[in-house]
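You will see chain A twice below: alongside chain B first, and alongside chain C after that.
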Partner chain A sequence: MKSKLVIKFDLNSNKYFFGKLFYDKLFAIGLILPAALMLCLTIVLPLLEVIRMSFHNYSLLNMNQIKWNNFANYQLLFTDPELLFAFLRTFYYVVVTVSLNLVIGFTIALLLNREIKSRNFLRGLFFLPWTFPTLVAAVVWLWIYQPQYGIFNYLLQTCDLISRHVNWLGELNTAMPAVIVASVWKQTPLMMVMILAALQTVPRDLEEAAVIDGASSSQRFFNVTIPCIMGVLKTVILSSIITNFQMFALFFVMTGGGPVRATTTLAIYTYEAAFMQFNLGKGAAVGVLWLVFLVVFTVTYNRILSKKEAFQD
Partner chain B sequence: MKKVLLLVLVFSLGIGLFNISYASGPVSIRMSNWLEMEAATQNIFKQMIAEFEKQNPKIKVETVGIPFNQYKDQVLIMNSSGDAPDVIMGNSQMMVAFNGAKALAPLKGLLSSTTIADIFPNNLQGTTFNGEVKAISWAPHPIALFYNKELFKQAGLDPEKPPATWEQMIDYAKKIAALGKDRGGNKIYGLAIASAKVAHAGTVFNGIIYSYGGYFLDKKGKVALNNSGTKEAFTFIKLMIDQGIAPAGIEQKDVRGLFAGGQVGMVFDGDMGRGAFRTISGKGTDFDQIMGVTIVPIGKTGASETVFTEHELAITQSSKHQKEAAALVEFLLSKKAMVMYHQDQAVLSARKSIAALPEMNEDDYMKVFNKQSETARPLPATNPMFDNAMLEMTKALERVTVGKEDVGKVLAETEAKIKALYQE
Partner chain C sequence: MKDRSHLLLNILLLILLVLFLAPIYWMILTALKPNALLLKMPPEWNPFKLTLENFTTILSDHKFLVFYKNTGIVAFGTTFLSMILAALASYSFSRFKFRGSSFLQLVFLSTQMFPAVALMIALYALYHKLHLLNTYTALILACATNALPLSIWVLKGFFDTIPRSLEEAASIDGCGRIQTLFQIILPLVKPGILAISIYAFLISWDDFLWGLTLVSKMELRTLAPGIALAYLGEYNYDWAKVMAASVVASLPILLVFIFLQKHMISGLVMGAVKE
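Presenting the complex of A and B:
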């Protein structure tokens, strides 16, 4: 008869070699480990590599001689006024886009949260632009704005609002607003859906209590609805800010950073440094500065809004 | 013991013979390209490679297809990682970057001197870096002048007599722009020149700079953009736009759209223009009835000045099969391959003997482009940062035409910026 090795785990037994907590922790670590390793491989390691690159002479033309360059990439950036302008343009784009996303998204969400006809159909319709890939949205808007054939100019001319073919993406004053419109069209639906989902979680009894207490509709909105959905609002706004800070496709396809440099944001600036000037080190340095800014911003943002949430409690 | 030694000896000899026979099998070489990634050129490229392999059974070609937009970066990375293909296809802007990355082998001694001597001097100049031929012109695309015969008629101009001089061209453009609007209410322009967004606009604008006697590089090869000819060229485009004769802020695809839509009298484009206009207009070959083509009008220098972009071929420094790679390049430049390529894609050849063949001059359209090839100048691409410099040139055009800035100031600042890029 063959002997058989049998290992028995008796969870109710007190005969654990290292104690039950140890095995529980080991089990938990075993569950987390694959995901943690994957995160390390796809996020942490590339991030460390980018930080390393930013301190080196890293040219696509000569990748066999990568040398430490005494912060030369950062010196180059801090002496280039274009970096500041690119940052300010990005900041302007993010503030306007996120504000419009929030206001329009919130308004539509409030409308769709009411008992109206064809509510489900309208929800699907409003959500449609978000399903387009950003690249497709960029090309669609490129043609909408086309000076000679674009429908935008056609409609404005038909309504006698303009008398000439306006090159919306080719003129200094209109290029950035034109991209912002395309961006808001693309991103507002997500904001709308998230806020709508949050609105549906607002407890009815709280609202009814406020009505009984004689609160006006605006008081109910600011003192009941907003505090109840603050957690979701905080997350969608932060997510929208970060997404727009990184926006590349819309600018690259629609304006290429022009005219002149009217739409050269940090993403375009980084692309130019890394892939047009072949200077991967400089490109990485811009990325690191960008990362530092976003980390500081996110921490500050969370702290400020967490205080508000605490106050609500 | 002796038997054992004998067996080892026989076994070793067997292995050696096996290796020898293996080494004498087909040599495999790799060629990077973007032709096989594009529907229009995929089949003809494969046919040319198959024909080469048929003629050279001892050489096997492994093609490495890379999409055009990623091509330059990918080849540079392949080269840096020691995995460069044996033969590289590229354009002028790419080749100067590949040369900057020390990827290219000098072709003298690899290609036959007859082939090199057969290339038009201007084309050869464009692939010569520091006195060494490092790439070879495969399919040049000289820029010529396309015009709309219908708009010529409407403006009271003879559609069979395109402008021969630069002054005539401006005069004709004014007359066509004076037509005002078409039936659909769209503005009609006399001339359209790409002047915005991408580096290509700045690159092709070199032809107009040459027409005014200007230059991007001086005789020593240093950046010298701020000269009187360049100022005149920038002033010319500014005036055309300010007077409403030419549209502002457009790139080449917009130029093509306007021309194919019958909204512009004259445009500059390469030999691939005909195919593009046929497709965009939706009229196919019927568009040929409206479209005329002629060499670029004679400018200030007394010659038909223009530039050519081109597809080029090169052999890599690190290739272990340079002889076989050279055989492939020789074949792709040969009459057999060029006629195949021409019949499928209407491309030109940079070889004097092939450009003159009746098969390459089957209609007036091809004759005009073969004639334009004789005077077209190479792009002044001598520095790996050339593409970036041309993007700065485009930005300078935007500053002048859209931003309404002073030409002299813009040129001085752009020259300084490009000098910094070139580390001069």
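Presenting the complex of A and C:
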């Protein structure tokens, strides 16, 4: 259907030197060109540049003098145990945050997908946290967690759950979970809205047919609802993983990577290397490793999930 | 029995709602408190003792107004740029089939997955060479790059719903290609244009990383890094002032949300739910 239009145009004119088809193509490419040029400048060039930089001695303080340094940046990274820890922390943060986003978002979406009055109004209220900028989310939770005057400690103490002021963002065991709570608060609404939209595309007659066939509600959920929205789930989970993998603002504002290094994720680690140790080469090397990992991960993710889907069909 | 489970589920929904809205309530309440009540324990809940003083302080703070102006410039610039580029490119992807077109679409969409932090260092070096550091252009380009891939994808979906016969008719009537696009087709995808504009606006208003790294001059700071660097010192934060700044900084998006909720959500949802 798509290619027909071009041919039709081609038939009704001979006044062009190369034929209308050629001009159509030229027009089509001309329309894409501005977007392509911008992405070249902001994605493709930096991509090549980050690879080049990772092999050079590249200091923020002297950006005009760069030297090939025989993989020294990579050697530095592979002998630094902190890189592995940063990676594991990122992994922990991503897995917990995305799982909680999914479970809570799914729960709210299911609750809103029942026969319920004012569904759109409630959806709007639940969506509200997402509309606040990430920085504002970070600042609000910083205030909530404030050790002496924070409302969080006050409420927990009133309920007798804790006996002393806890410095949630300042203690090794609680810093990461505290950041996770803030990010779940901010991100779950988006997940919920996506899943709710997907749930509403599940055909009614399929569900009714399952009821008539005597399926229990859990059977209906796993054999009708989930397969119907699998495509959307796959997309929202992947995009949530990618967003959180590069989460920077929450950590930078709430903990700055501390206490000690308890919340130094890859994003913070890269930023520190480049802009606090002034070693752009090292930062670039982290970036390259990170890109390699993401590409491998995305390909595997799509492979595994598309196999699963084929199996279900 | 059914009624009872329905009631229980409604109670669960209500509890979740309270948990999600409580931080927002606490932020606004704090922003409205006079300094004397701010650190009182147990907290002061009495709304009759509230004041707008923090808002007047923040709105007469020159620094804050500069941040606000900069964010506005960057957000509108980003929205405009990504809207134009996305409209042209997605129209082409929707209407013309040429070799490599679907591959190119895939490449465009996948650029969204590259981690900004990983590319940031190279972008910084590149902008340094091009003398783009400390300019609005740098921020607008970086934010538009974040918004563009999904915008093209979503808008293409809108173009796909417009029948091709319209263009054929226009062509027979002697309407040129560009004229057809701008005067006949674009007005028909207004909801799509609105949805991607809101999306781009949100992305640039939310930006923290680019504003922090690509700009170092105080006159060019945007809100997010500005608030973090100017009002969050080591100790002794003025929390009421910080909360007031946060509320005011969130206001444009809240307004967009209140008045254009349908378009905002449709833009966000379409990227995932289409397929």
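Quick note on the criterion: the second predicted complex is superposed on the first by the 282 of 313 C-alpha atoms of A that agree within 3 Å, B and C clash if a C-alpha of one lies under 4 Å from a C-alpha of the other, contacts with A are read in each partner's own complex, and residues count from 1 in each chain.
Methods note: contacts are C-beta pairs under 8 Å (C-beta built on N, C-alpha and C of every residue); 3 or more make two chains touch, one makes a residue touch a chain.
The structure displayed is predicted, hence computed values, not measured ones.
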item: Touched partner set for A:N167, first chain B, second chain C, both or neither; value: first
item: Chain B versus chain C as contact partner of A:G124, first or second or both or neither; value: second
item: First (chain B), second (chain C), both or neither touched by A:F275; value: both
item: Partner chain in contact with A:Y149 - chain B first, chain C second, else both or neither; value: both
item: Which superposed partner A:V139 touches (first chain B, second chain C, both, neither); value: second
item: Partner chain in contact with A:A178 - chain B first, chain C second, else both or neither; value: neither
item: Touching partner for A:R261 - first (chain B), second (chain C), both, neither; value: first
item: Per-residue touch tally on chain A - higher for chain B or for chain C; value: C
item: Which superposed partner A:L83 touches (first chain B, second chain C, both, neither); value: neither
item: Touched partner set for A:V94, first chain B, second chain C, both or neither; value: neither
item: Contacts on chain A seen with chain B and repeated with chain C across the two complexes; value: 63, 146, 148-149, 275
item: Chain A residues within the chain C interface of the complex; value: 2-3, 5-6, 8-9, 24-25, 27-29, 31-32, 34-36, 38-39, 41-43, 45-47, 49-50, 53, 58, 63, 104, 107-108, 111-112, 114, 116, 122, 124-129, 131-136, 138-144, 146, 148-149, 151, 154, 158, 185, 188-190, 193-194, 197-198, 201, 231-232, 235-236, 239, 242, 245-246, 248-249, 252-253, 266-267, 270-271, 274-275, 280, 283-284, 286-288, 290-291, 294, 298
item: Sites on chain B touched by chain A in the complex; value: 73, 76-77, 80-81, 97, 100-102, 185-187, 196-198, 247-250, 254, 257-258, 261, 263, 384-385, 387-388, 391, 394-395, 398-399, 402-403, 421
item: Residues on chain A engaged by chain B in the complex (per definition of touch); value: 60-64, 146-149, 157, 164-165, 167, 169-172, 255-256, 258-261, 272, 275-278
item: Residues of chain C touching chain A in the complex; value: 6, 9-10, 12-13, 16-17, 20-21, 23-24, 26-27, 30, 38-39, 41-43, 81, 84-86, 88-89, 91-93, 95-98, 101, 104, 108, 111-126, 128, 141-142, 144-145, 148, 152, 164, 167-168, 171, 177, 202, 205-206, 208-209, 212-213, 223-225, 227-228, 232, 239, 242-243, 246, 249-250, 253-254, 256-257, 261, 265, 268-269, 271-273, 275
